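Going by the order they are written in, the chains are A, B and C; count residues from 1 in each one.
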Amino acid sequence: MTSPETGRRLRRPDFWTLAGLPGLLFVLLAFGVPMVTIVVRSLTDPSPENFQFLFTDELFRRSLLRTVYVALLVTGLSVLLGYPYAYAMARSGPVLRTWLMGALLLSFWTSLLVRTFAWGVLLSNTGVVNDLLLDLGVIDQPLPLIRNLFAVLVGMVHVLVPFAILAIYASLRGVDAELEQAAQVMGARPARAFWHVTLPLSMPGVAAGAVLVFVLSLGFYLTPALLGGPADILVSQSIVLQVQQYLDPGVGSAMAVVLLALVLAFLAIASKVVGLGRILGVTGKEGTS
Amino acid sequence: MFTDKSRSRGTDAPGAGLSLEGIAKHYGSVRAVDDVSLTIEPGQFVTLLGASGSGKTTLLRVIAGFLEPSAGRVLIDGRDVTAVPVHRRNIGMVFQSYALFPHLSVARNIAFPLAMRGMRKAERRELVTQALESVHLPGYEDRMPAQLSGGQRQRVALARAIVSRPSLLLMDEPLGALDRRLREVLQVEILKLSRELGLTVVNVTHDQEEAFTMSDRIALLADGKLVQYASPEEIYTRPVSDVAAGFLGEANLLRGVLTRAADGRLTLPAQDGHVEIDAATAVRSAPDAGDEVVVVVRPWSVGVERLGRDGAEPGAPCWLRGRLSAVIYAGDSQKLIVERPDGSEVVVRRSMDGQFEAAPGEEVLLTWSSRDAVVTTAG
Amino acid sequence: MRAGLFVRVFGLVFAAILIIPTVVVTATAFTEGSIITFPPQGMSWRWFEEVLTDPVWTGAIRTSLTVGVLAAVIAVLVGTSLALAAARSGLLPSSLVVAVGMTPMVVPLVVVAIGVYFVYVRIGLYGGILSLALAHAVLGVPFVLVNVLAALRSLDPHVEEAARACGAGPVRTLLRVTVPQILPAALIGGLFAFITSWDEVVVAIFLNTPTLRTLPVVIWGQVRSGLEPSTSAVATILTVVSLVVFALTAAISSRRSRSRRVH
C-alpha cells in the first residue's frame, strides 16, 4: 500500500503516455527514419568524404552563402513591409481591418505554387508588368524582371510576409492602445510614443516573425526554382540537382545535412531569445482574426 | 461483509458509511494531509472545513479516488476501496465549476451516470425527469449547459450526481461560484434533498456559515491535520483549541499562564482587568496553576458599559478595560471594537435595542460570566 | 491611437499587391484566347471545360483529393495522440513530445522529400498513393498538434473528473467526454493538414510516378514547359478549394467561440 510512488510510475506508464505512443511511433517511423537515413547516406554513400567534397566545392559554398544572404534579405524585407501593415491592421477601424485581414488571408490561403506561377505571369518578358510599361511608353525594351534575384525576392517575400504580419499583429494587439494614449497624455508626441512605447513592446512579435521567416526561407525550393536564374541557385536546388540530375544521393544527403544543421542551429540559438512556442504558435492561429 | 456489500449495491439503499483510517498524502516533504482518521455514519452530512491549503480538497480527492493516499485506508460500508478506481466507487460528485459536459444536453448530462451503469434508455428517461424535478428544473431536458445560468448549472450538476443514487455524494465547494442569495437558497435545497434521499454527503467548504447551516458534523482541518471532528454546536461551544475557536464564529482569545489566587480561584493575569476561570468550562483536562491556556470569549457573551468616573475596581469576576475604537452596524446587530491598553482588540456584539450609547474614543468596561467563557489550549 | 494616413494608405496598397497574383491567375483562366494575357480577352469557361474533361487533369484532381483526405485523417489521429501525451503524460516531458511533433514544420521540404524518397525506394513503398499520404500526413501533424494541444489546455479538468465520478472508466471518459470537446480543434487541424497536402509540391514531385501525380505536380510540369490558360484554370480550382476549406475552418472556430461566450 505504501510502496513509493516513483517506483510504481516507472513500472506502469500512465494512460496518457500510452495514448501518445502511437503518435510518437508514427512520427519516428514516417519522419525520424527518413532523417536518419539522410545522415547515414551522407556518411556511407560512398563515405564521409562527401562532406570533404562539399567544403572544397566552390559552387556549393557560393550557393550556401547565397541562401543565407537571400534569407536575410527576405527576412528584413518581410519585417520592414509587414510591420506597417500589421500596425495598420491593429490600429484602425473595423472596416479597414477587415479588408486588410481579408487580403492577407486570401493571399495566405492561395497555394504557394499558384502564387509563384502568378508572379511568373506578371514578371515575364511578355508578362503583365512589361506589357503595361511598354504600352505606356515608359520603356521600349522589356525589363529583365524574371529569372534573377529580384524575382526570387519578390516571390519569397510575397509568400513569407504573412507570417511576419501575423506574428507582429498578435503582439501589437497585446500592446494596450491606452499605453500609447497615456504616453501622449504625459506629453509625448505620437511619433515619440510609438518609438518609446509601442515599438519596444511589439519587439517579441517582430523577433518571432523574423525567426520563422528566416527558417522557412532557408529551405525554399519552389520559388527560386521557378523565378530564379540558373546562375544563382540556392542550397535546396543544389540538393535536388545532386539527387535527380547528377544521381549522387551521397553528396545530396551531405548537403541536406548541412542545410538541416544550419536550420536547427539557428533555431536553437533563436529559441534562447524568443520562445519556440511563440515562433511556431503563429501557425495555429491563421483562422482566427 | 456480505450484508455491507448488498447494501451498497441496491439502488434504493440509503447512503453508505465511510471510514478513513490514518489517511496521509505527501508531496515530497509537504504533508498535504497528515494522518486523518474519521468515521461518517450512513446518511450523515459532513463538512470538511478549513482555510485554503488546509488539505480539505486533497482529502476529498482521496475519498473520491482521484488521489492515491501515501498511507491509510478508505472504507465504504466497511469495504476497503483504497485501490478501487474512481469509476467503480459508486459515488456522485459536484464541483465548484459545475463541470457539466458542454457537448451534451441537460438530459444527456444527467443520464450519463445511468448509461455508464448500463441502464436502458427508457428507464433512464424516467429517472432523468425525476431528478430534474427534484432540483426544481422540470422541462429543462433539451437545454445545453451554455444556455443555463450558474445556479441552474449547479442544479443540473446536482441532479447528475444523485440520479444514480450513489452511496456517497461528494461536493467540492459546490456553492463557491454563486452569489450569496443563491448560495443560501441552494444550501437549504441540497440539505433537504440529501435528507429525503438518505444520502451520505461529504462537503468541502471554507465558508463557516455554510458549514454551520448544513452539517451534522464538521471535520475541521488545518495544515493537513484534523483539528476537531464534532457537531457544529460542539465545535462552537467547546473548541478543542484556539484554532478551532477562531475558525467557527468570532472569538476573543485571551492567552496566558494560569495563577491561583489566595482564595483558591484560578485566574488569568490581565493588565487593566481581571479574568477568573471556571474549571468546569475546560475542554480538556481540569486546568491548574501554571497551565498555559487560551480563554475563548464569544463576542455575544460580553457586556459593555461606560466606565465609572471614580476609577474603582469593579467587583465582577471577569472584566477588562479598554477604549472603544469603532462601532459597526451590521444589520440587526452592533459590533463594537474595543482596544486594550496592550494594543490587542476585543470584539463585542450586541443587539440594537440596548440602551448603551457610546462614541468611539470613550473608555469602557467589558464584563462577562466565567461560565460563558471556554478554557482551551493553543493548537 | 489610430494608424496615420500614410500607414493606412501603405496598408491598402500592400493589400492590393498581396492579392494581385491570385486575382491575375483567376482572371487569366477566363480568357477566350489560347495564350495567357492580362487583362483577359473576353470571358469564357472554355478552359475550365477543357480541364474538367481532360483525363490527365481529372485524374490529378482525384489523386490530390484522395491523398489529401488520407493525409488529413492520419494527421488528425497522430496529432491528437501526441497532443494528449504532451498535455497529460506523467512520464514524457511535454516539451519533448511537442518538439517531436513540430519538427516537420521547420525541416526544409527538400530534405523531407529526399529522405522519404530514399526510404520508400529502399523498402518498396515508392509509388503508392498511401505512401504519399503518409509523407504528407507528417507535414500536417504540427497543425493538428498545435490546435488540439491548445484546446486540451483550455479544458476544465473537472469535466473529465466528473465523468469518472459518474462511473466512466478512462477509455470511455476519453471517447465520450474528452474527444467530443476537442473535436472542433482537431477538425480545424485536419483541414489545415488537408490544405498542406493539397498544396504540397516538393515531396509530391519526388514521389510522383506516371500514375501518381497530384494536381500541383501536373501544374509544376506545365509551368516549367510553357504557360497555357488551362494552367490558370487549374490553379483557380486549386485556390477555390483552399478558400472553401479556409471558410470551413473559420466557420468551425467562430461556432466554437460563440458557444463558449454564452455564459
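Methods note: contacts are C-beta pairs under 8 Å (C-beta built on N, C-alpha and C of every residue); 3 or more make two chains touch, one makes a residue touch a chain.
Please read these numbers as outputs of a predicted model, since none were measured by experiment.
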Key: Graph separation of subunit B and subunit C (steps between touching chains)   = 1
Key: Chain closest to the middle, measuring from C-alpha centroids that were averaged per chain   = C
Request  = Could you put a whole-Å number on the gap between the CA centroids of subunit B and subunit C?
outcome  = 56
Message = With centres defined as the mean C-alpha position, give me the subunit A-subunit C separation in Å.
response = 17
Remark   = Whole-Å distance, C-alpha centre of subunit A to that of subunit B, is 59
Request  = Over in the complex, which subunit B residues touch subunit C? Could you list them?
outcome  = 64-66, 85-88, 90-93, 95-97, 99-103, 112-113, 116-117, 144, 146-147, 157, 160-161, 164, 170
Remark   = The residues of subunit C that touch subunit B in their complex are 156, 158-159, 161-169, 172-173, 177, 180-181, 259-260, 262-263
Inquiry  = Quick check on the complex: what are the subunit C residues that touch subunit A?
reply    = 1-4, 7-8, 10-12, 14-22, 24-25, 28, 36, 38, 74, 77-82, 84-92, 97, 99-112, 114-119, 122, 134-135, 137-138, 141-143, 146-147, 150, 170, 174, 188, 195, 198-199, 201-202, 216, 219-220, 223-224, 227, 231-232, 235, 238-239, 242-243, 245-246, 249-250, 253
Ask   = Hey, which residues of subunit A end up touching subunit C in the complex?
value = 9, 13-17, 19-24, 26-28, 30-31, 33-35, 37-38, 41, 81, 84-85, 87-93, 96, 99-100, 103-107, 109-115, 117-122, 128, 131, 158, 161-162, 177, 180-181, 184, 190, 193, 215-216, 218-222, 226, 236, 239-240, 243, 249, 252-253, 256, 259-260, 263-264, 267, 276, 280-281, 283-284, 287-288
